[in-house]
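The next part holds the structures, each set out as structure tokens.
The two complexes that follow have chain A in common; it is paired with chain B in the first and with chain C in the second.
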Partner chain A sequence: MKIIEYLSRLDRRIIYLVLATVVMVPLVIPTVPRVRVMTPVEKLFNAVEAIPNDQILMLDFDYDPQTLPEIEPMGVAMLRHAFHRRTKVAVLSLYVQPLGLAKKALDQVTEEFNSRATSYEDSIIYGRDYVFLGWQPPPIVPLLGMGISIVDVYQRDYYGYRTDSLPMMQRVKNFNDVGILVSLSGATAPLWWIAYSQTRFGVAVGAGITAVSASEFYQYYQTGQFSGLMIGMKGAAEYEEMVQSRLSITSRRKASEALGSLTAAHLTMIAFIVVGNIGYFIRKRKEKGVQR
Partner chain B sequence: MNIAHDPWVWIGGLLTICIFSFLYKDNPFYKFAEHLFVGVANGYFLTFTVHRVLIPNLFTPLFREGRLFFILPLMVGMLYVMRFIPRVSWLVRIPIAITIGYYTGLVIPATVQADIIRQIQGTILTQQNFVAWNAGSAGIIWQAILFIGVVCTLSYFYFSREHKGVLGVTSRIGIIFIMIGFGAAFGYTVMARVSLLIGRFQFIIGPWLGIID
Partner chain C sequence: MKRRFPLLLVFFFGLLGIIPYFVPHGGYQDFDNALRNDFIRILSAFAIILGLVSLLRVHQDKIKRKRENWQYSYVLIIGFVVSGAIGLFGGIEGELFLPTKIAGFQFDIQTLYLNIIVPLGATMFALLAFFMASASYRAFRARSLESSLLLSAAFIIMIGVLPLADSISSHLPSFAQWIMDIPNVAAKRGITFGIALGGIATSLKIILGIERSWLGGKE
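== the complex of A and B ==
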């Protein structure tokens, strides 16, 4: 009993240290556990898989450094998926902070594919296979404007090229040419795509979100407003699993590697909560005994 | 072990340690990293706004291409600055009124459609909603739970009558649903925060210290 009482009064810094240790150990000995893919992620994967040749995947990178570990693996996995099946991709951000992170993910995945490519046709070429539209504030402008004309909203891309001069954009006019728009966001951007772009122009919307905001977003998946949903690091790992098992792409799976740490941290926290509660009730009982 | 040689990786690593030091207690290293972050973020945003928004969307069309129509948004925008001149500070109401009017008109129909009408449709007990659960015949049960949950939770927030009788029962059931919702939200929050910690550790023992690839 004394040990439980002692544990329930443990200094928070020791708890941090224990948590840091249980998170660190599985990372040093990396293993990729078997990931069970849930229906929302499978639906999103299938929605990307179903994009016809004459339509594109539009990826909205709207995460910043605070939510990078959860969302970036989603973006990387989706780019791998799209490039593997030669679906053309348009990338954009509704905010300024994610631009550098979006470029980082694009550079990483194009480098992966181009290092394996054996010919020009096989390579992933800017302007032909993907474009980086960049940032056009305020967000309402792309949300509504792209339903009429994408090149009018983004007259120049992230690198300063005129978008109407890029080969890919010759046949991509507006949301009618977008197979699905997937918003990868640490905030509420996916809801804006639903409220404005989907309601008005009927574009299919998918989302990759942080675990914190999951309970806010599930109802939109249940009503069918989201074609698919990835939630947190677990969602990213599920998409990575789909990309590897269905497409045999064996690149590094950052989210899947982290699942061991995630499980260990959860078990540790559950143990602390249980011990803390038992200690609380023991203490309360003792106090009652003293009062009597 | 393959320690980073890139000075930017070292800066990132050391700033991470500065932020983590707050877990021990508040200290000048944490404060330095926090202030640096705010300053850099603001500087980045400001520079980007000038170069990627104001110059291509306003200054170039107006001053280089001579499209005089752009003088109108420039003048309306400049009215925001009037709040610094007390005698004419009331002029700031004009751009604020334009912005509020524009966004209110835009937001109301979109929100009603996406957040109210579609959510009500998704709550009703229909064949289409049963099928949407992808759970076979169990879809009816899930949809019924959802329906009861929504109705009871709404009844909990109905304060125009005392929670007695039928309303008392439904509002008590509503509290159970609300508590389950809070529990799920807390669980997800824990998962999110641990994920961020993992992300930082992946950086520290990966690109920085080179313990893993």
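== the complex of A and C ==
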């Protein structure tokens, strides 16, 4: 009994230490567990798979450093998927802060593909296979403006090139040329694409979001407004699993590697809550006994 | 006039924002497009400048009056000027005329971002996990039927999203998904309808000049 009582009054520094240890150990010795792919992620994968040759994948990178570990693997996995099937990609951000992270993901995946490429045709070329549109404030401008003309909204890309001079943009006019727009966000950006762009122009929208904000998005997924969803680290790992199992791309899977930490952290927190509750009930029983 | 003019502006531009959803005429759509692409962008550019100037003035004032933690304002101003200069004159990866590499030490804007902002932001957010663990240990108690239900649902979701859920029971991930798909959506949809109706009512009140608190000051 004394042990339980002691455990139910643990010093917070011990909690911090235990949590830090269980999170760090699986990161030091990473393993990739087998992940069961749930329907929302499978639907998103299939939606990207179904993009016709004359349409593009539009990726909205709207996460910041705070949510990077959860969302970045989604972006990387989606870029790998698109580049593998030679779907052209347009990348943008509704805010300024994610631009550096979008560039990092783009650089990483293009480097991966180009290091394996054997010819110019095989390579992933800027302007031909993908464009980085950058940032245009305020968000309402791209959300609605791209329904009319993408090059009018983004007259210059992130690097300062005129977008109408890029080969890929010669046949990409507006949302009619976008197979699906996937918003990767730590906040509510995917809902804006639904509220403004989809409602008015009918563009298909998918989302990659943090686990903590997932409950906000399910209602739009259930109505079919989101073509698919990736939720948190697990969602990213599921997409990585599909990219590997269906497309045989065997690059590093950061979200899958982090699942060990996630599992340990969840189980530790559950254990702490259970111990805390046991202590609570023991104290309650004792207090009742004293009252009697 | 001082109060009537902003009200007229809000009424006029509020209607301009609503009309394109109901008038598909090409001419009006073109006008709406020009309004959004040109006018809003110009306004937004001014708003950014205004925001930046305001931020600097607030911190300048803080230093001048030696308000609490005034020393940190120097960090903000120095960071603002240095990163602004590097970004404007050095480019994203040092492609402009300002040198952003000295003897192997790189300090272009992308390098600074990836090596300062990203670790700082990630660290701040990572700390949350520790506070959450400590708080849930102390406060997450099965005190009533409602809190017990919440606790059970939380456990099912927390375990259901893990890869090991399948090894406990093949139904566990599906059950966790069901909780998110049905009870969660039912509750969230009710809340969303409430928020949406409230939003529409408040917007109409603002456009029609009934709600004026945004003007500030006395009635």
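Here are some notes:
Methods note: the second predicted complex is superposed on the first by the 292 of 292 C-alpha atoms of A that agree within 3 Å, B and C clash if a C-alpha of one lies under 4 Å from a C-alpha of the other, contacts with A are read in each partner's own complex, and residues count from 1 in each chain.
Heads up, the rule we're going with is that a residue touches a chain if its C-beta (ideal position, glycine included) is under 8 Å from a C-beta of that chain, and two chains touch if they have at least 3 such contacts.
Because the structure is a prediction, the values reported are computed rather than measured.
When the two complexes are overlaid on their common chain A, residue A:Ala258 makes contact with chain B while staying clear of chain C. Once the two complexes are laid over each other on the shared chain, residue contacts for A:Gln222 go to chain B and to chain C alike. In the superposition on chain A, A:Ile140 contacts both chain B and chain C. Once the two complexes are overlaid on the shared chain, A:Arg246 sits clear of chain B and of chain C alike. Look at A:Val153: by the touch rule set out above, it reaches chain C but stays clear of chain B. Looking at the shared chain after the overlay, A:Arg36 reaches chain C, while chain B stays out of its contact range. In the overlay built on the shared chain, the residue A:Lys173 is in contact with neither chain B nor chain C.
After overlaying the two complexes on the shared chain, residue contacts for A:Met24 are found with chain B alone; chain C is out of touch.
Legend: residue contacts after superposition of the two complexes on their common chain; A:Lys103 is shown touching chain C, with no touch to chain B. Once the two complexes are overlaid on chain A, the chain A residues touched by chain B in the first and by chain C in the second are 16, 19-20, 23, 39, 66-69, 97, 137, 140, 200, 211, 214-215, 219, 222, 231-232, 234, 262, 265-266, 269. The touching residues of chain B, when paired with chain A in their complex, are 23-24, 41, 44-45, 48-49, 52-53, 56, 103, 106-107, 110-111, 113-115, 118-119, 121-122, 132-134, 146, 181, 184-185, 188-202, 205, 211-213. Chain A makes touch with chain C in their complex at residues 10, 12, 15-16, 19-20, 23, 33-36, 38-39, 64-69, 97, 100-101, 103-104, 136-138, 140-141, 144-145, 148-149, 152-153, 158-159, 200, 211, 214-216, 218-219, 222, 231-232, 234, 237, 259, 262-263, 265-270, 272-273, 275-277, 280. The residues of chain A lying in touch with chain B in their complex are 13, 16, 19-20, 23-24, 27-28, 30, 39, 66-70, 96-97, 99, 134-135, 137, 140, 155-156, 191, 194-196, 198-200, 210-212, 214-215, 219, 222-225, 231-234, 252, 254, 257-258, 261-262, 265-266, 269.
Contact residues of chain C toward chain A in the complex are 21, 29, 33, 36-37, 40-41, 44-45, 48, 92, 109-110, 113-114, 117-122, 124-125, 129-130, 132-134, 136-138, 140-142, 151, 155, 158-159, 161-164, 166, 173, 177, 180-181, 184-185, 188-189, 192.
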